[in-house]
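Both of the next two complexes hold chain A, though its partner changes from chain B to chain C.
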Partner chain A sequence: MSGKLTPGRLMLMAYVYLVLIFVLAPIVVILPMAFSEPDYLTFPPEGFTFKWFGAFFGNARWMDASVFSLKIAVLTSIVTVVVGTMATYALMRGAGRLGTLFQGLLIAPIVVPHIALAVALYLFFRQTGLSGTVTGYVMAHAIIAMPFVVFTVAAALSSVDATLEDAAMSCGASRFDAFRLVTLPLILPNVLSGALFAFILSFDEPVISFFLAGIRDKTLPRMMFDNIEQNLTPVIPAIAVLLTGVSILVLVCAAVLRRMAQSRSIPAEEG
Partner chain B sequence: MSMAGFLQPDGRNLSKAGILLLMAPFFLLIGFAFLYPLLSLLSISVTEPQTGLQNYERILDTPVYGKVLLRTLWIALLVSILSLFLAFPVAMAMVSSSGAMAVFITACILLPFWSSVLVRTAAWAVLLQRNGIVNDLLQAIGIIDAPVRLLYTQGAVVVAMTHVLMPFMVLPIYGALRNIPPDYGRAAAICGAGPLRSFFEVTLPLAMPGVLGGFILVFLTALGYFITPALLGSPQEMMIATLISQQLREFLDWPFAAALVGVLTLFVTAITLLFSRVFRFDRMLGGQV
Partner chain C sequence: MANGAQTTAGAEITVRGLEKKFGQLKAVDDLSLDIPSGEFLALLGPSGSGKSTVLMMLAGFEVPTAGAITIDGRDCTRLTPQKRNIGMVFQHYSLFPHLSVIDNVAFPLKMRGASRADRRRRAAEALEVVRLEGYGDRMPSQLSGGQRQRVALARAIVYQPRLLLMDEPLSALDKNLREEMQLEIKRLHSELGVTVVFVTHDQGEALTMADRVAILRGGRIQQISAARELYERPANLFSAGFIGEMNMIPAQWDGSGLMLAQGDRLAPPEAALIGAVPSGVATLAIRPERLRVSAPDAPGALAATLEEVVYAGAGTLLIARLADGTEIRARVPSAGLPRLAEGERIGLTFDPDALLVYGEAAA
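Now for the complex of A and B:
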């Protein structure tokens, strides 16, 4: 397959452009609606206003939900990265049969549909009083995000030479210091991009948010779900504009981290 | 960055106690907030209101519920097939392009990963509404005379779910295609195979693990999908996830909802185990970030 412009390749590219239009169109269509005057969603947008951003930032319920979701996402990202990195490190340092169990349990939340986990937690959290609490959401989101963090961290750990830790320890460093001062700096870009990924997964997570929400403590996705289901106001496109901005920012951060990871993996390969 | 031996243990080993200590938080978390809740939910499905399989019998004996199961399977299959036909050429274009073009296609495929499912579902609600763009477009071309109902139909669910899940098909196929040495295509051409024959006899068979992996990933995700059917689907044509939600939240019939979760979970687990050899999550998802 070369880049030459044969008729076959021309047809392929035409088809691919159509698919890309299908992929992008809904996103491209909804964003300008954030600046449209009328109370309903219409395309092309009519007039120009920032009032829907005002409606979002000026409404206590939207703000409470956003802060609540941010809090959950930050904590999820911290919990997932700490718990995930500890377990992944153990896995890569000779976990044996426990490692097999770990990998099985790690994959399970990807296989089991989110609706199943959501219903199970809905029931369990009602009995234990964890419904609608930050703790409850963070545990649920950490379970969903864990595999992605572990895969990312494991990819970095497998390219770090373990003899570096040996060297540190034979110079008198403890195992923890050897990890903290030698290995951790080398895998840090992947750890951080795992944290970013966990943050996004939690912040966007709609299904568990839907079932675990109490009457008062709603996450941002749950508030959005209710708005879309009931009347679909232009606040949703306004949020879409904000979320897209954040996503692009995060993507740029992730690209920078990846570049850092690449530049750091070179000494390990030489060693 | 070598992906070989991805999750294999290597390096200087820790003591048994050290490993247990480091893994303990993970096991506690997954035990407390995943295994125990899921197992107790499944046990409710066979112990309440009485011990036995009557909740499962009810699913099979009531035609309405059987229909929901069949519809769910059908929609998931349709979404997977549509995704495959959209995704394969895109993956091919990603492999064969270079420079700015490759970056552009990759960004288009990855951007939806980072944009909210709810936003995309809302976008489809806007596009498909009675006075929406799709209706305008269809009238302009002359396919329809008056606006038709597109929203709250099975078609809306299939289109929006394909839109959301298609990127999950592109990545595994892209991974498989990228690993095919370009020499193979050239060798086929030298041996006299045309582009079509070379595609069907060389490229496609070698890409099969990626195709199968992507297909199963999309199919299984679609089976349990909740948000899109709940917002864009018709209440008369439920999928299993929306039925579970209704039984749980409107009828408060926990044991029956638990049995529906049981059916879904067992089915999904069985398919995963059946295809566990092609279904390598670490390979499919590890390169995503």
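Now for the complex of A and C:
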């Protein structure tokens, strides 16, 4: 689009930049605070130090929370990807009449407010004794992350010719081998990018963790909440810098995976 | 010749009372068929005739609702596809896009537990058979349509199956390539001795390639016979109209002669009658290339009014109309043809053995 700068176009550009500023400004403001000298939050930052990162990595409680979050995020992404891929495969390749219903149920968490989900899970987990357990966290996070895996895997599956599995079976492969050796490698980039999304959603997830946290085991976002309530030091922006870094890294990985997927797919029809 | 092209005896197939219902719709209806070892059989029919469903049942992707399929004496009716040892070529090639050409071809051998060295050797031989030696390391996306179809063929024959199924394998190719591949597949068939069942909606393809052609309509076999018989003596009017061009002229059969609506009386030889022709409404069928042009009043000629003259080099197509309004087409050699004007009265003559007479029931 190399058009003239019409008033409409100018307004659109202004709108787009305003949205970008609105979205990015809080991050841009918080990041420099992580390197500020005083032990309270200041803007603009004063001086320059890495000591708050040191405070984070040197503190056993922060480290415990990080390891706990990491453990949950890894388990969540594994569970979500295995269940989500199988479910999506069944929805798209199966002949069941309930497909639409199940698809609706799988992606519903994207429209239900997390706070409502959190309350419901809290009540449910309290009665079943899952509150504060790794299993409870992983189940809750898997519910939230599921729609993202379903969407990315569905996008990949719709571009993979279903007769490829027939071809594999006519070559002597079992139904499972046909999936494992043909369909899975073709959708793998999207499956992995779904796993990365699930990981980051779980790792950063504050709302449900707030409700489910036990006394001993807390996730990193929950620990940050506690810390903000008690003493607001620049450790918080330091962690924010680290989390943002992880998120960017994950998004870049997902983009690379998607690029790989595109270059791999062959044009379906040509002479 | 490469070792990969060792001759294997083709499979013998018996199909009895085969039926496939999708809900209320009978896609295949009480179909029986015997395919001898090494035969090249074409299943020919319009879309919806059930030809692909028959193939899918032979392959094991569809389970029949009734009937039985026996391959080499073994009941395969409900056997899963991977246990049938059948080679299959799909309409859109269905190559595995993430595997190189050689890995695609070696895939069936891998599924059969062949060693890596053995797989590579035999896959390379199969590529040689389809004249793609040296293409092993390419990816399918780097090949042309014709090359992809050759790879699909190599993958289907690499483990020397006794039966090769092909589902409209050439329909995605352009005309020149299609004709080249037709000859290629025929060559492979005679080199390998494998039984081939080939689905197509292209009659020219069926007539060129197959030993026998089965014409399907509404899930039933209309006729199954060798190409020449199919063309020269179609078993009913559907086959007659489906294969090639056919003039069909309404007539009355009185037990010994044929009365046309415009008054001509013909006495066709005994051999012209297809099946039993009871007295009453009948149809006279004659191929356009069996007609010749004469004067309108020549003895034995059908008088007609010329409507269109289409010159096409070696041949000329004449479209004329009988007095009762029936259109009649003649394909005659252009050489020696007098100048004909549209609207002119002409006569059309024929040899007695060009006539085919169908009774009312042969629709």
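One rule holds for everything that comes next: the second predicted complex is superposed on the first by the 249 of 271 C-alpha atoms of A that agree within 3 Å, B and C clash if a C-alpha of one lies under 4 Å from a C-alpha of the other, contacts with A are read in each partner's own complex, and residues count from 1 in each chain.
Please note the rule applied: a contact is a pair of C-beta atoms (placed from the backbone, for glycine too) under 8 Å apart; a residue touches a chain by one contact, two chains touch by 3 or more.
Since this is a predicted model, take the numbers as computed values, not measurements.
S.K.: Looking at the combined model built on chain A, do chain B and chain C fit side by side or clash?
M.R.: Overlaying the two complexes on chain A (C-alpha atoms) leaves chain C and chain B fitting together cleanly.
S.K.: In the superposed arrangement, does A:Thr244 touch chain B (first), chain C (second), both or neither?
M.R.: first
S.K.: Answer with first, second, both or neither: which of chain B and chain C does A:Gly172 touch in the superposed model?
M.R.: second
S.K.: For A:Gly54, using the defined touch cut-off, is the partner it touches chain B, chain C, both, or neither? Pick first, second, both or neither.
M.R.: After superposing on A, A:Gly54 lies clear of both chain B and chain C.
S.K.: Going by the contact rule stated at the top, is it chain B or chain C that touches a larger number of residues on chain A?
M.R.: B
S.K.: May I ask for the angle at the C-alpha centre of chain A between those of chain B and chain C, rounded to a multiple of 10 degrees?
M.R.: Superposed on A, the angle at chain A reads 100 degrees.
S.K.: If you stack the two complexes on chain A, which partner ends up touching A:Pro38: first (chain B), second (chain C), both, or neither?
M.R.: In the superposed model, A:Pro38 contacts neither chain B nor chain C.
S.K.: Could you say whether A:Leu186 touches chain B, chain C, both of them, or neither, answering first, second, both or neither?
M.R.: second
S.K.: So in the superposed three-chain picture, is A:Leu91 touching just chain B, just chain C, both, or none of them (first/second/both/neither)?
M.R.: After superposing on A, A:Leu91 lies in contact with chain B but is clear of chain C.
S.K.: Rounded to a whole Å, what is the shortest Cα gap between chain B and chain C in the overlaid structures?
M.R.: 8
S.K.: Jot down the residues of chain A that show up as touching in both complexes, chain B in one and chain C in the other.
M.R.: Of chain A, residues 161, 163, 166, 175, 265 contact chain B in one complex and chain C in the other.
S.K.: What residues on chain B touch chain A, complex-wise?
M.R.: Per the stated touch rule, the residues are 1-3, 5-14, 18-20, 22-23, 25-27, 29-30, 32-38, 40-41, 44, 86, 89-90, 92-93, 95-98, 105, 108-112, 114-127, 129, 131-133, 163, 166-167, 182, 185, 195, 220-221, 223-227, 230-231, 241, 244-245, 248, 254, 257-258, 261, 264-265, 268-269, 272, 281-282, 285-286, 288-289.
S.K.: Give every residue of chain A touching chain C within the complex, in rising order.
M.R.: My answer: residues 161, 163-164, 166-175, 177, 181-182, 185-186, 264-271.
S.K.: Report the residues of chain A in contact with chain B in the complex, numbered from low to high.
M.R.: Spelled out, the residues of chain A in touch with chain B are 1-3, 6, 8-9, 12-13, 15-16, 19-20, 22-27, 29-30, 33, 41-43, 82-84, 86-87, 89-96, 98-99, 102-103, 105-124, 139-140, 142-143, 146-148, 151-152, 154-156, 158-159, 161-163, 165-166, 175, 193-194, 196-197, 200, 204, 206-207, 210-211, 221, 224-225, 228-229, 232, 236-237, 239-240, 243-244, 247, 250-251, 254, 258, 261-262, 265.
S.K.: Which residues of chain C touch chain A in their complex?
M.R.: Interface residues on the chain C side: 59-61, 80-82, 85-88, 90, 92, 94-98, 107-108, 111-112, 139-141, 144-145, 155-156, 159, 165, 172-174, 177.
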